[in-house]
Each structure stands twice: as structure tokens, then as C-alpha cells.
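Per-chain numbering from 1; labels A, B, C, D, E and F assigned in written order.
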């Protein structure tokens, strides 16, 4: 009746950044070997002011990427090194447990 | 002055799937006894290709459900058993601490 | 080659509430000293019924705020004290690790 | 029923706008997956308010402020007085708590722009002329009842905030809220840019207007039908109130119009405004200023009962009254 | 090719609608960042379905149900029969598994509303009259093939769900799905509200229609071009099938039209419906009812091959057939 | 001021489009909750670019490429040269760093489509004819200044990327970016589909155009007003520059137009393009190619100063120059 699923530890990396960085971030995800991503548009406020969600050029996106822990490290490192000085951006990681770990 | 809130451990289950699965997933949530859910549309890429957010039939949704730990287990189990072979879908759980635990 | 990023523990507070509460919550964020926030519109269901995402006055928003742990405590406490009786709302915190901790 | 009433009723029920409203109701009740995305809802609202405001402004500039200010002021007073009549009924006949009675009163004194637009549409359908400047009535009738409702609801209640503070917020909300900015702003623009402005924008603000209204009423049918599930929760009194109140206010509106010497078409518009209940501005204001009032009561009554009633049966009824009690435009 | 075919072809390829479709294809292939937001896509769909349904309903009320029901029933039967012919071809010539053959059959028996609208646009472009009531064909041809496809696909398959249960879901989906609700609903409204209703909404549902279609085909060009990457994956058989099947079904449609005595323009519309493959309703239904069928096959064939073929080359071809085999409206 | 200037100014300030722009500014300054959803913004942009491109293409096909190519080439050169004049002014008078001076130069050499459309609207308002093919100027003036700005900004800077690589990216962005694809694509379609195509789409691309522009300028008023908060941060020099530069470039545009023998209306359009500063394409390109330039400078100048100035005061001013220095179309 009650199936007990196998869950596996994984990292979720979240990036919130201006939409302008979209293509560059997606390229980076390919480079570090992420197998997928999920993305949506958000409004936000931070050091670099309030970014409303009305003009596509000035809006923000949030990207979530589920990866194995070493890939998370590599991804965050590359973001810190190459992206943080150029773009309005924040990034963090969370510990999660997934089912179907073979997908990531 | 500084009110100290009571926070309680709970699980957040996140499901990212094609929009087509929407009604089926919401029915499942009722069955396993979740008291609420939050949902929005996302763009995504995974094993089954890139799902743009332009045609409703082909887009993705992300659903977040806060539940007590045993319900999370049951939910993930049912997703693994009945949904993963039929739909483009990933799911994971995160540990969180809520206020107003009586709601979940 | 592989840059190792410095990650720092931080709290992410998530609030899901009716859009009506938007200005009041953003004011509260300023008061407790959050340095930024990210926000988007969601559809949801909870104790107070199903909130579709079609009429702005009746829809929901999800707000995520990255803050230092004591600020998270203060924020959740204030939400519990002043907001929960007035608005359809849930809130929780998650432990995360950020890069660029000086931003928060 | 006299043949006139019947034919007025049929004319309304067979107008595309009302039929699309009914289609929306049916789609929701049949659990269809038809749904309008929020940006489309917002766009349709912006369009309808801008169009009705602009045309109203152009009409004011034609008729002259001298002609317009008196009926507009009267309309404003009418909207402000309605809550004073409704409150005791709800409080003592309906046995609602003071704060709930005040909140519902505010809704019925304030107005619904879509119901007003449906009334103009109905007059076009049955080819009865009216004064376009009547949208000025719409613009001034939204706020007063809301503010009065807040005052009524806060009297005798000891809250954290002072009444003055609450009122100041409510007034700002009522004056700089989206709908008033769009409606009043477009009205001033229509007035200032005159006939040349009206000509340049007619291809957008006039020709597609009736059709866009159909689309919007399709959505409103879905929105209203979603409230039907709550009809059981509100009690028999409110069900009856939701139908009787608009009829009483409609009649009151006709009497005022008659007293002012307004023509039949314009009288129908004033009656419709009086009869209509706000379901956008008033609920938002009540949630912020009278948070203890129960939304199920006022939303179900305004959106689930009065709005569908007005759109379908109310309009021809008020028109029949107007036809008997006033004289048409030549 | 005869000069007539060439000029029909050129007329279609140089129509703004087709050129915008091609622009969409080019923009995607050139990796432009042009993209339509989902709410715009949904809005354009709602608009096109409501407009075509409403005008169809008005035309039915003019022509009378007595005239319309027979060709409509025939169109419905035609749509239901196509899968029976397509299935064995895919199964035995194409060597597809039963479930894939059934799913693809369902797509080709069902219809694409956009292709139909493009055909009406083409007839306007070349100034050939047609019966507006033909949108009734569109309304009734969506569901039958989908239901039949599900039956074919589930025969001999032992699934958890019973066939009856699957069918019940598929039928509900087909009858209360968005597109049918909008199309049939608007058709009934157009029929009920008569010529006065048509007049009131013409500024929205008629005058901008051709231009809105251009915008939508721009988007559909981008959507179709995204499927081109999968063309390599589906095999040569399906590539050929995606072009030959619509031609065969188009010819069949013309023959039916001739048999019914339909005029040239209306015959083209029936042929286009027969030739078109569904890429919205059918895929959704297959995912739910035949989850084991491979979407790459049916989506690539319907959206990546047949849709672009019909829009660009198919329409003038079917018109040439119609011109030879039928007689025009006076 | 001569009475002509005054009446030209009043005609512009009382046009609905400009009044809606001002309404947007007021709504934002008064902290109204009025806001356009992103999909509506995107839809309005797509519509305006497609409409202006299509009409321009149809006009080119009427006038013949032989007539159009020369003024178009000149317009392109004009756009490319402006940064060369602006750069030293910013660098040595304004004391901006090389990279900031280059980025601002790129913005003022490139163009704003909305300002151009507002100019055509203004000409319609005051009933002065112009050549529709002038939208070809708009299409070719966006890219050159952006590319030149990148070159100027990267000279002498030692960056990780090579200049060639940066330039290649900037050129691709400038040629396949959304706005160029829509504008040039629709222009070619308008050109290819000729007068019949123009006729079929007029109900969508022509009649509602002026009104849609009003809605868009309402939004742009809100967008521009949000930049006003940064006015304090950019220094007095840039405030003055944001008003003087467009006037100088406008005069330059008129002189070029006169030299080419263009009529008064078309001269105003060229002047407006020269005077306008890009606030969509250029900022995006600068963020990607000159990331060290400070967006507060170029965005505030282009969007917060020059855009509102052009829309309100600039247009009548350039028209007055054009009226004196050129001869009207017969």
C-alpha cells in the first residue's frame, strides 16, 4: 500500500540574476555538466536596486539546478569567479533529497 | 519587542513536471492528505528536452507542498510508482521549519 | 582550474501569501533589515480556499528572503504576531549556504 | 409581465456580451480547463477603463462642465448615502455583526465598472441613446461608499490603529488605486484632447469595444461562477439581499435621474451604478481597513449574486423602470 | 505545372500570413531571442477560436440548420474514418508499434484550427467566396478521430485502467476541452445573437482578424521550427508520410465535398480540415490516454512536417484540386 | 517664441499619446499601484514594431527601392557618425571615463523606435504628410552606433576577450536581436505582399495603431518616471547633455534631410531619429560588451531625460526647424 521511496542526497543550486545573464548562465550549466534546469521570471530588490517584472530587458530570473555535490561546488565557484562582478546576481545551495537520482 | 516564533520541522516536497500532469498531481495531493499547495509555471530542460514557457500544453509547472514527514514519504513514493514513467517529472524534498504548524 | 567557492550559512525565509499583503510584507522586510528580496506570482490552495492566478486582487505571491539567522527569527516572529491573523499566509525557513555573504 | 419587459429581457439575454458571460459560467460549472491568464485579465481591465474614461471625457468636453457637474455631484451623493440605508438593514434584519454590516454596505454603495459598461452595451443593443458623459458618474461613485463603510465599521471598535490613520490609508487607496487613476486620467485626457484626439483613437477605443467586452464577460462569468460554491455558506438572508438590494437601489437611481431631468438612457446608467456592487476596489479596501469583516459574505454577495443578477435580469428591469418614469433623448 | 497552380502557389506564399510564418521559422533557426510570452499565445488562441466560432454561428443562423447539418455530419464521419485508413499504413508499411500507429492516426484524423483559419485567409486573399458555416466542420472534426485513436491504441493492450474508463476520460477531455468550449460556445452565441450581434462585435471579431492571424502564424513558425531538430529522429517513412498523408486526405475531402455539392471555396476548407493534423488537442489526449506512445513521432509529424507543408504548399494544391473538381459559388 | 512654435507645442502636448505618457509619469510619482504586466509590454512592442515595419515595407514597394536607398544609407551614416562627435564631448567636457563616454555615445547614435512612432503620430495629429518608407531609416540606424560604441569603449582597454570576439557578439546581437528581426522582417513582408497584403491587415495594423500607441506611452511614462530617482546621481553635466544633445542631433538631422531634398514631414522623422537615444537595444548591448560602463549614466540620460524631452518638447521644436528649413510634400 504505502510504497517507500528511495531518496538520495543531492544539492539544489539557486541563482537569482538579471535576465540579461540568462544565456551565459545556461551555457555555464552545460559546461559544468548539469543535466537539467528550471527557470522562471521574478521581481526583485537587492544592492543594485529594484528590478520590476515589466520590461524583459530589466527583469530578473530565478534558476534552480539539481546537481551532485561536486558539481554544485564547481558551479558556485565559476559563478563567483566569472559572473558576480558583471551581473546583478545572488546564488546559494540547499541540501535536498531526490527520487530518481540517476537523472542528475 | 522581539517576538520569538515557534518553528516546527516539516518537509517541503517540490515537484517539477509538465503541465499536462497538473490535475493528476493535484488529485494525488488530496489523496495523500496534503492540506495545501503552491504552484507556478516554469520553463525547463531535462532528459526529455527543453520545455519552453510559450504553449500551455508544452510548458512546465513547479509545485511546492508543505507536509508532515510521513506524508512526504507517502507522496514521493506514489509519485515514483505511478507518475515517473508517464510524465516528464522530477521531485525532491527539503527540510524546513514552519510557523503555524497546525496548518499542515 | 576548479575554483573552490567560500559558502556561508544563511537562512532563506519563504512567505506565500495573498497579493493584497504585498506592500505590508515589503515594508516589514525593510524594518527588520533584510537587504533584498525576490518575489513572483503563484496559484495556491490552503485553508482559505483555492486562489487562482487570474485576478490580481485575488492571487498569491511567493517571496523569498535571504537573511542572517537572527534576522530570520525576527522576521518570522513579526509575521506570526502581526500578519497571520489578517492575511492568508504561510511562512517557513530553510538552511542554505550562500556565496558573497557580505551581501546579506 | 408586459410584452415590453419580456422583449427587453430577451434583447439582453440574447446579446453576445451576456451570452459570453453565461458561457463562462457554464465552462466553470462543467469543469472545463478554459482559463484566462492574469495578464490578459489585467489588459482587458486597462483597456475597458481607458476606453470608457476617454470617451466620457470627450463627451464632457462636448457637453460642457456646466451641464455635467450637477448630475455628477448627485451621483456621488447617491453612492455615499446608500451605505447609510443598507447598514441598518443588514445589522438589524440580517443580524450581521457591525463590521460585517459595514463592509457589505460599502460594497453596495460603491460601483462595478463592468456592470456599467454592460449597461452601455445594452443600450447600444436596443438602440437607446444616452449621454456618454455618464462615465463621470462611474468615476466619482467608487470612493465615497468605501470611505463611509470604513467609518461605519470602525465606530465603536477599539483597534490598534487610530481611525484617522485607517481613513487616510483608505482615502489614498481610493484615489490613487489603479482603476481610479486609469478612469479619471483617461477622462481628463479625453476631455483635453478634444474631438481630434477622439478621432485618432477611435480605431482602438471605439470600434473593437463591444467585442472586447464580450471576451471580458466570458472571463467574468468564470470568476462569478467560482463563487457559486460559497452560496450555501452565506445564509438565505444574504441571497435575498443580493437580489432585492440592487432592485431597490436601481429604483432609487431612476428617481434621482428623473428628479435631475436625465433622459431614459442616462437614467438607466445611473440606476445601474446604484444597483451594482463593487467586487474589486471594495474588497481590497475592506481587507486592508476592516480586516475583521468576513470576505465570504461580501464577495459572495457582490460577485456571486448581485453581479450575475444585474448583468442578466437587472438591466432590462431597470430599463423598464426608466422607460416608464423618464423621457428619452430626442 | 500549369500557370494556374503556380499563380495559386505564389499568391499563398506572398500572403502576409504565410510570410510571417516563414519569418518565425527563420527567427528560430537564426537563434534570435524573439519569443512570445505564454499569455500572448493563449490570448491569440482564444481570440481566433472565438472569432471563427462566432462568425460560423452567425453564418449557420443565416443559412439555416436544415442546410448545414448534412455536410457537417459528413465532415464528422470523414474525420472519424481517416484513422481507420491511416492505422494499417503506419502499422504495416511504416512498421510502427500498435500504440504509436494508433496515436499518429488520431492526429491525422483530428484537425488543426490554425490550418483551417489559414485556409479561410487564403480564400480571402484570392477572393474566392466560401460558406462561413464551414467552421461547424472544424468544431465536429476534432473529437471523433481522437476517440477512435484511443480505442485502436488500447485494443489488445492490457493496462491497469479499463478501456471504458480511459474512453470516458478521453470523451470528457474532447468535449469540455478549452478549444471545443470556445469554438462551440461562440458558435452557439453567434447563432443565437443573430445579425445584430454580428454587427456589434464586427469591429473586434472581423476587421482585425487577418492581422491577428499574421501575428499568430509568426509564433507558430517559431513553434514549428523548434520541432525541426527532431526531424532526424523520426525516420524517412514518417517524413514522407507527413507530406503524402495530407495530400491523400485533402483529395478525399474534395471528393466528399463534390459528392455533397459544396462550392469550390467550402470544398477547400473541408479538404484542408481532412489534410490537417491536430497538434494541440490530440497530443494532450494521447499523453493522457495512450501514455506509451512516443510523442516525438506524432508531434514531429503533425507540427514539424504536416503543418508547415499545409500552410505553404498544401493550401494552393488543394485549391487547384477543388477548382478542377467542384463548381464555385455564384 | 513665435505663435507657430507655441501652437506646435500645444498641439503635441494635447495629443492623447503625450497626455497618456504624462499620466504614466504622474501615476508613478503618486505611487499608484498601476502596473503593466510584462506580457502586455512585450505584446505592445511586438505590435508596434510589426505595424511600423509592415507599413514601411508597403511604402517602399510603392516608392521603389531606387528612391529609398539613398536617404536610407545617409540615415545609417548619420547614426554611425553621431558617436564620433559625442564621445569627445563626454570625455573631455564631461570628464567621463573612456568606457562610460563610449557607452553613452552608443546610446545617442542609436535610436528609439517609440520616439520615432510618436513623431509619426505627431505628424498625423497636425496633418502634415510624410513618407511612410522612413521606417527604413529606423531599421538601419539602430546597429551602427552600437557597434561603433563598443569599438570606442574597447580601444586601449585590455580585456580577457579579444576585441574581434566582442565585436562579433555585438554584431550578432544587433542583427538578430528581437527588435531588428521584427522590424526588418515585417518590412520585407510588407514590401513582398504588396497592396493586397496591406489591405488585408489594415484592420489590425493601421486602424488601432494610434490608440495602441497611447497605451504603450502610458507604460513608458511609468518606466521613464522610475528613472527620475536617479537624476540626482548623474551630475549636472549629464542633465544638460540629455537635453542639448538631442537638439543638436535634431538640427543635424534636418540639415541632412534638407541636403537630400526630403520633405518637411520626413525631415522631422529623420531629425527625431537622430535626436532620440536608444534605451532598449543599446543598454543590453553595453551590459554584454562594455560591462564596466555604469548603467546609471546611460539609462538615466537616455530614458529619464532625453526620452521624455523628445516626446514632449523635442518633437514640436524639431518640427519648427523642419518647417523653416525644408519644403513640405505637395
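Keep in mind that, in the parts below, contacts are C-beta pairs under 8 Å (C-beta built on N, C-alpha and C of every residue); 3 or more make two chains touch, one makes a residue touch a chain.
Note that the structure is a prediction, hence the values are computed from the model and not measured.
**Q** If you take the chains that touch chain A and keep only those that also touch chain D, what is left?
**A** Correct list: C, F.
**Q** Would you mind pulling out the distance in Å between where the CA atoms of chain A average out and where those of chain C do?
**A** 18
**Q** Once you find the CA centre of chain C and the CA centre of chain F, what distance in Å lies between them?
**A** 40
**Q** Could you pull out the residues of chain C that touch at least 2 other chains?
**A** Residues 40-41, 53, 94-95 of chain C touch two or more partner chains.
**Q** Which positions in chain F touch two or more other chains at once?
**A** 35-39, 42-43, 207-208
**Q** Quick one: label the inter-chain contact graph as line, ring, star, complete or other.
**A** Drawn as a graph, the chains match no named shape, so other.
**Q** What pairs of chains are touching here?
**A** A-B, A-C, A-F, B-C, B-E, C-D, D-E, D-F, E-F
**Q** Which of the residues in chain F end up touching chain D in this complex?
**A** My answer: residues 14-16, 19-20, 23, 26-27, 30-40, 43, 121, 124-125, 206-212, 214-215, 218.
**Q** In their complex, what parts of chain B are in touch with chain C?
**A** The contact residues of chain B facing chain C are 2-5, 7, 10, 12, 35-40, 66, 94-100, 103.
**Q** Note which residues of chain C are touching chain B in the complex, please.
**A** Result: residues 14, 16, 40-47, 53, 60, 62, 73-74, 76-81, 84, 90-95 of chain C touch chain B.
**Q** In the complex, go through chain A and note every residue touching chain F.
**A** 20, 41, 52-57, 59, 85-86
**Q** For a test of understanding, state which residues of chain F touch chain A in their complex under the given definition.
**A** Answer in residue numbers: 35-38, 41-42, 219, 223, 226, 280, 283-284, 287-288, 291.
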